Structure formats: C-alpha cells, structure tokens
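Consider the two complexes below, in which subunit A is the common component and subunit B and subunit C are the respective partners.
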Partner chain A sequence: MALVNLQNVSYKYPLAEAPALNGITLQVEQGEFLAIIGPNGAGKSTLCYTLAGFIPHFFKGELTGKVEIDGQDLGKSNLNQWVLTVGLAFQNPFSQITGAKLTVYEEIAFGLENIGVPRQEIMERVDSIMALTGVSDLAQRSPYSLSGGQQQRVALASILVMEPKVLVLDEPTSQLDPIGTREVFQVIKKMSARGLTVIMVEHKVEWVAEFADRVVALLDGKMVMEGSPGEVLTSEHLAENGFGLSRYTQVARRAAQQGLWKPDVRLPVTLQEAVDGFRRGLE
Partner chain B sequence: MKILVQDLHFTYPGNVHAIRGISLEINPGEQVALVGQNGSGKTTLVRHFNGLLKPTSGTVLVGDWDTRHYSVAKLASRVGYVFQNPDEQLFCKTVYDEVGFGPRNLGYPEEKVNALIESALALTELSDRKDVNPYELSPTWRKMVAVASVIAMNTPVIVLDEPTTGQDAVSVQRLAGVIAELRRQGKTVITITHDIDFCAENFERVIALSQGQVLLDGSATQVLGEEEILARTYVEPPQLTRLAKRLGIPRVVRDQDEFLEAYRGLLEARRH
Partner chain C sequence: MAERLSFFIPRESLIHRANPLTKLILVFATIIISFVSPWYWTAFMLIWINVILAFVGRVQREYLNIVWRLLLPVVGFLFLMQSFFLPYGGEELFSFWFLSLTAGNIAVSFLNASRIFVMVSSFILFILCTHPSDLMSDLARRGVPAQLAYVVVSTLQILPQMRTKANTIIDAQRSRGLETQGSFRRRVGALLPLVGPLVFGSLVEVEERAIAIEARAFASKMPKTSLRVISDTTIDRIARWGLVLLVILVVAVRIWLWLTSRM
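Right after this comes the complex of A and B.
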C-alpha cells in the first residue's frame, strides 16, 4: 500500500467561500520524490499543511475525505504523533526558527531535545545532518543573523534531523543561489534514494524535471494533471493556464509554432533535451 | 539621481567583513541587476543606498548627499527599498493605508498622496484589493503591496531585494511590467536577484558581486556571457544563454526572441 494516501480530500479555510482543496486523490509510494506545481493560489501550501497535519489540528475549517500516512488516519491521530512521521519545511524559513535558541546548533537540536533523545545521540545526529546540508560552519551563529539562503538550509536540517518518513517542502530553495539550489536538490534526492518520501512544492520546473520522479499539477484546488516530469511540464494545457514552464519549453514551443522544431520530437524541459531537440532540427 | 560608491568597506559587528572595497557609479534612470552567491554582499551593499547601513569606510553619495550625514527617514525621499520578505515592512490595516503610509510620511498634500496611491495600485494591479488587510492576501500579493508602497513614495531610485522569490509565472510577468514602466518614468531601478533568466530579460546592466567585491560590471550581454567568472560567485548563465552556447551560437543570447533569431541564422548557415 502507498505510504501516503489521500482520498477525495477537500478543505475550506474558516470564513472562506471557495474550497482551497477540492477532491484531491493522490497516492505516494515510499521513497518517491513527488513535485507539486501550480500558480499562486492553486492550493499547494494548503496541501502541504494538510499533509503535515496543521490542517485540521491547527487551522480549523472544514476538511473532508481521508488522509492516511504510514497507516495512520489524520482525523484520528494527534499532532504530536503526526509530526514525527511527517516533517514540513515552510515556505518562509523565518517561520521555522523557534526563537528559543541562540545558536544554529541548538536550533537544529531543539526537536530532538523535545522528544527526549539521549544527549550523545543528539550530538551525532546534529553533526551528521549539518554536514549533509552544508551548514557546519554556521553552528555557532545566531539563527537570526543568517541570510535567507542560510536560514533555508538550517530549516531543512532541523527537519531532516528528526528523521521523518515523509518530508514535505514548500519551495525550499526560493532564496538560494543556483549552486545552493543544486546542493539542496541533491541532498533531498539522496535522502529519497535512501527511502525518504519527498513531496515538494517548487516553481523551478527545470530542477523538478531533473530530480523529481513524478509531478502533480494543481489549479484552483484541483489536481489537473499528474505524470512524469517530461509529460506534465511540456503540456499545452499547463502552458495555457498560467503555469510556469522552463525557458527551454517556452522557446521550443515558439520554435514549433514557427516550424523550427521537429513535430515528432517532444518539447524539452531540461537543457540537455533542448540541445538534443534543436540539434535534430539542424540535421 | 546618481549613486556614487567610492571604496566602500563595511564590517558587521563580530568582524564579518561583508563589503571589501566596492566602487561603482549608477546613473539616473539606469536599470541594474545585482547578482552573486548567498553572502556575497548584495543586500549589505543596497542597504547603504538608503542609509540603513553606514560605511565603515569609504563613501556613498545619493545625488549630492553623503549618506553618512543623512538619516534613513531623510534618504527615504530619494531611495525606496522593497525588502526581500514583505512581512518585514507591512503593518497597516488595509492595502490602501499601507501604500499611503510612505507618501503621507514624506509630507505630501493629501491630494497628491491619493494620486500616488491610486497610480501605484493601478501599476501593481492591486486596485480591486485596496480595502483588504494585507495579511489576508497570499504571499504573492503581499509582495506586490510591498512594491506598491515603495512606488507610491515616488522616489527617483527604487531598490528591489529579490522581488521574484516565491512568485509564480504570472506575477513574475507582472513585476517585469512594473519594472518596464518605472524605466519609462526614468526611475533608477536596482534589483537583487538569483533569478538569472529574469535578470537577462529585464536589465541592461548587471553587476556580479563575490565576497564583498565587484567581480563583473557591464552590459547584461557582456556579464552573462562570462560563464567561468560567474561560476566563482555561484551564478550560472541564463537558460537560453547556455542553450545557445551548446548549439555553437557565437553571440550571448538573452531572451527568446534573440535565441530564435540566432537559431534561424544557424539554420540558414547550414543550408548554404
């Protein structure tokens, strides 16, 4: 059975007229790297909050349908238990910092301390996760003195150190430079190869194409497409509905309209696909 | 309004030497993108333009004002600054009040304040959201409120710190439109960005910083073509620039039009 199982999930924020999620049915297997794309307001962050249990345990409102992760039913479980299974990295890393700790090291250790992990084990886990996420040099800095990009890595480290089964990430690289983005994607990919289930909201589609196993497209709270990155990220339907496509896809689409792209070649998402496709046009 | 930076150094408490000798000149009406890796000094540099930070040594002139001798409040009439995180600057109950706060503070008469608000709201497509509490808006629209509240101050210089972060394709397009309009109005726009494709498509001049110094400063075409040097500050050339290079197109391509034109050239050359 799939590790994450959503059956006909709908949710309406308190006082909202329209549902933020509307009939989402989705299964995610253990170790899968799933990307969620969609324009602002499509319900991506709401879906993250639901997977992480903040909906319905923190945000009230009306949740219907079934959310099951690792055999637990969200409606019947409590948040303390749920957060040990699902870790969430917020869109704004600032929201993640506890404010209770003076150094990055203590910040990352905070969650483990809270659940009573022995001291020696905390130190080992914190050291290893800091190395993995590239924040070892920041250990003694104040979490508030960090740049946005550094805060984003610290936030990721403080979740990974808890060793959740499912990692939910809401645009985890929005404030990172390209190399930092690549490093974070590589860390997440490595964790997913080791069996961590990853569900990531991301606008940077050329990265999604390179790293994700599967892509789900949301629009107005509904799932409008799902499939391999190559299928979803080049679809005409998305292009016409305000989804961001990679520059490679965009330019190849225009080239196709002008007869400069071979009609039997699928539109590209990544650089390599674009190079191959445009080279074929030159043959 | 010209900005002149001469041998600027800045050290944060705790001895972090963030700016290490930067000199540059930004002319009135220029559109400049600042790029470079996290921690290269981009935000530290622009926070000198509106006096949030004062030089440890060297000078920063905004027009004829040496920023050391002018308060942030005073400099706010010359340099508007949009924070990376809109939540650091929004506090009013409605979008309208938020956008009006700056011009009102600058002491403009009520009539002018209202006109500035309306035009900033129209430019950022917020007119039909003006009675909403900014915190009821999505982060995307909150960012636009932050942009509008700075535009409404009608300063000759506007600084945008990572405006495209977390924005979807439609709102990035909207921001590009805002920047184009500011260019038409003759404003100086200085933008920090990691979105190198956005940078290539919207800015004529690009300055790349690395470890508190200027690594490259020139036209977008010159700077974005310097793949090896940019790599030193963790910047990759734009997608279409890389694609064109891989296809053997000799010029630096910045946007889709340039790419398609160059590709046609390549096809022509093959035919002959």
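Right after this comes the complex of A and C.
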C-alpha cells in the first residue's frame, strides 16, 4: 500500500466560491520524490497544507475525500500527531524561525523539546542532522543573522530532526538566489537518497527534472497530468496553460522548429539530455 | 559592528546564572514596592539598586545606553509635563505666562517619574540578563501555558527584528525616492509608506510563523523537555520567598499607615 494515499480530495476555503482542490486522487510510495507543478492559484500550496494536516486542523473550510498517510486517517488524527509523520517547510525562510531561540542549535532542538525528547538524545539528533544538512558551522549563530539559503537549510534541519516519514516542501527555494537554491536542493537530494518520501512544490523545473521521480501538474485545483519529468515537463498542453518549461526544453523546441533537433529524439528537460540530443543531431 | 539581533547579552555573571523566575519575581517585587511604598526616596533608591545590579550583571554599558537614549527622555518629558500641569499646588517656585511650577507638583511628578523609571529599567535589566529559551522553558516547566510563555519571549525577541526590518523598509523606500528626512511635515508624510509595509508584512508573518511552530509540534500535549540546563538553587528559592515577604511587608506598612492616618 502507498505511504501517501489521497482519494477524491476536494477542499474549499471559508467564504471561497470555488474549491481550491477538486477531486485529487494521488498515491505516493515510500521513498519516492514527487514534484508538484502548476501556475499561480492552481492549488499547490493548498495541497501541501492538506498533506501536512494544516487543512482541516488549522485552516477551516470544507474538506471532503480521504487523506491517509502511513495508515493514519487525517480526519481521525489531530495536528500534534500528524506533524510527527509529515514535516512541512515553506517559502519564506525568515518566518519559519521560531523567534524564541538565540542560536541555530537551539532553533533546531525546538521541535524535539516540544515532544519531550530527553536532553542527551536531543543533542545527538541535532548534531547528526546539522552534519547532514551542512549547518554544523552555523550552530552558535543567531538564526536571524543567516542568509536566505542558510535559513532555509536550518528550517529543513528543524523539521528533519523530528524524523518525519514524509517531507512536504512548498516552494522552498522561491525566495533564494542560485547558490541558496543549490544548497537547499543538495539537502533534499541527500534526504531523498536516504529513503525519505519527498513531496515538493517547485517552479524551478530544471531542478525538478533533475531530482523528481514523478511529476504531478495541477491546474485550477485539478490534477491535469501525472508522469515522469520527461513526459510532463515537455507537454505541449501544459505549456499552453501557463506552466513553465525547462530552459533546455525551450531551446530544443526552438531548435526543432529550425530543423536542428531530430524529431525522433524526445525534448530534453535536463542539461545532460540537451547535450545528448544536440550531439545526436550533429552525428 | 554586527547588529544586535536580541536584547539578551550573554555574559558570565551572578544575575545571568540566577533562575529566570527569581529574576522575574525580582522585577515585579521592585515595581510593586516602588508603587506601594509611601516614601519618595524608595523609588529613587530602587533606581540606583538597578544600576548596581546592571554592574553586577556586567551589562552596565548596554543598560545605561538604553536608559540614556530611551528612558531618560521619556521620563524627563513626563516629569516636566506633570510638574507644570498637576493640580497639587504648594509653594510656587517659578512661573512664566500660564505655566506655574510648585513644590507640590514637583514632589508628585518626581515620585511618578521615579516609579515609571523603576518599572521600565527593571524590565530592561531583566531582558538583558535572561536567556529567552531559559525563561520560556522555566515558565512552561512551572505550568505556565507554553503558548503564553512563547508570546512573552517571542515579543521580546521580535523587537530587534522589527527594528532591522524597519531599517530595510526605510532603505527600500528611500531608494524609490521617498524623502524620510527634513521638516516635520515631510517626516509625517513619509510615515505611511514606512509603517504600512512593516505592519502588513508582520501580520502575514504571524500566520506563517504559527504554521512553522505548529509543524514542530509546539501544541503537543507531551511533557516538554529543555536543551538548556536551567539552574534553580536553594539560594534562588530563598531569594524568591524573601522577595515575596518583602512585598507583603511593604504592602502591610502601607495599609497600616493608611489606617493610622484615618484614626
């Protein structure tokens, strides 16, 4: 059975006329890296909040359908239990800092203090996750003194230290520069390689193409496409509906129009695929 | 110099080592005594006790800096206003046009200003010498709801962040041509484009921060633990009870004086 199981999930915010999610059915396997793409207002963040339990336990509104993660039914669980299974990180690294801790080390330990982990174990787990996320050298710095990329890695470490089974990320690199983006993706890649299930909303399709096992496209609260990055990210239909294309796909499409890309070669989504495709064109 | 991101000044001192609750009780005891005591000299003496404690806590430079830049102008203004406009009368010492300065007004204004000074300076000293995590953990451990402890601590922490954010907004608006210096009218005109983004930005962040801390099981009903070791020695307990008894004594003296004055 899939670790994450959504059956016909719909959700409408209070006072909203149209549903933000409309009949979403989705399964995610243990250890899978699923990317969610879509234009603004597609329901991506709402889906993240639903997976992380904040809908319906934090945001009220009308949720129908079934959300099940690791055998737990969202409707029958409370948020305190749910956050131990599903970790959530989102766009703004600044607002993910608690504001009650002076150092990065204390900041990362915050979640473990809340669930009553003994002090010695807190220190072991914090040391371990700091090494894994590459923030050990920031341990005694104020979380507010860090760059955006560093803050986002601290936010990730603060969630990962709680050892969730599923990590939900809502555009974690949208406010970061290329260096910060690379740092954050390296952490996510490392965690994914260790078997963590990752569900990530992301606009930077080059990165999605590089890391995701599967991509889901949302439009107006509905799932409009699902498949491998190569299938979804080169779709004509999605491009016509405001979905971003990888710069490699765009170059190859333009090249194809001018006969510089072989028609039997699939459009690329990663740099390596583009290099291979152009090489074949030259042969 | 790096910008300070918290009020707390990590130093090695007797006051830093004291239990957060002991320090909090000291603050409230000082305030209550200064307001309840019938004598003019009590609040004035407590001001100097706070100065001595700032030296003991090795935060005298930061303490005096805040007092000089923030507290003295406010309290000085309060003293002047009350001196001229309170209706206590007494011997007239000075008069100009409609303004009249009397001995009675000066005495009452001095007492009020001293009390305000004690109240604010005690809190300044407290936040300079108390690690926010220690305060939050200690209060939560003693049964204060974690949410309340968080609100207290994060409010103290957020003020320096707000100042940093306000400076960023000022720079951003200046770069767009907004003039923030010059005449009073110009400064008032510049206020809205500065305060608007600060307030609305902070309101948005409140919801995001609430989600962030909930995602880290803040509302969990499990007993909380603390990464930091918070000392609570016998001396702390004696000091707390001593302060409570002192407050009771001062209140009793005040009541006794009030009763005897009515006889």
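Note that in this section the second predicted complex is superposed on the first by the 274 of 283 C-alpha atoms of A that agree within 3 Å, B and C clash if a C-alpha of one lies under 4 Å from a C-alpha of the other, contacts with A are read in each partner's own complex, and residues count from 1 in each chain.
We take it that contacts are C-beta pairs under 8 Å (C-beta built on N, C-alpha and C of every residue); 3 or more make two chains touch, one makes a residue touch a chain.
Predicted model, so just to flag it, every value in this text is computed and none were measured.
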Since both structures carry subunit A, what do subunit B and subunit C do when superposed there: clash or fit?
-> clash
Regarding the shared-chain residue A:F94, is it in contact with subunit B (first), subunit C (second), both, or neither?
-> both
Report for A:M223: first if it touches subunit B alone, second if subunit C alone, otherwise both or neither.
-> neither
Identify the partner contact of A:Y144: answer first if only subunit B is touched, second if only subunit C is, both if each is, neither if none is.
-> second
Which superposed partner A:Q175 touches (first subunit B, second subunit C, both, neither) = first
Touching partner for A:A255 - first (subunit B), second (subunit C), both, neither | first
Thinking of the overlay built on chain A, is A:P118 touched by subunit B (first), by subunit C (second), by both, or by neither?
-> second
Is A:A35 contacted by the first partner subunit B, the second partner subunit C, both or neither?
-> neither
So, A:G244: does it touch subunit B (first), subunit C (second), both, or neither?
-> first
Based on the superposed arrangement, let me know which partner A:V269 touches: subunit B (first), subunit C (second), both, or neither?
-> neither
Out of 23-31, 77-85 or 167-175, where does subunit B run into subunit C after the fit?
-> 77-85
Once the complexes are superposed, what residues of subunit A are shared between the subunit B interface and the subunit C interface?
-> 92, 94, 145
Using the touch definition up top, name the residues of subunit C that touch subunit A in the complex.
-> 2, 5-6, 8, 10, 131-133, 136-137, 146, 150, 153-154, 157-158, 161, 164, 204-205, 208-229
Complex contact set, residues of subunit A against subunit B | 38-41, 91-92, 94, 145, 147-150, 171, 174-180, 203, 206, 242-248, 250-251, 254-255, 258, 260, 271, 274-275, 278-279, 281-282
The subunit B residues in contact with subunit A across the complex are 14, 36-39, 43, 84-85, 87, 138-140, 162, 165-172, 194, 196-197, 234-236, 238-240, 242-243, 246-247, 256, 259-260, 263-264, 266-267, 270
Touching residues on subunit A, where the partner in the complex is subunit C = 52, 54, 58, 79-80, 83-84, 87-90, 92, 94-102, 105-106, 109-119, 122-123, 126, 142, 144-145, 155, 158-159, 162
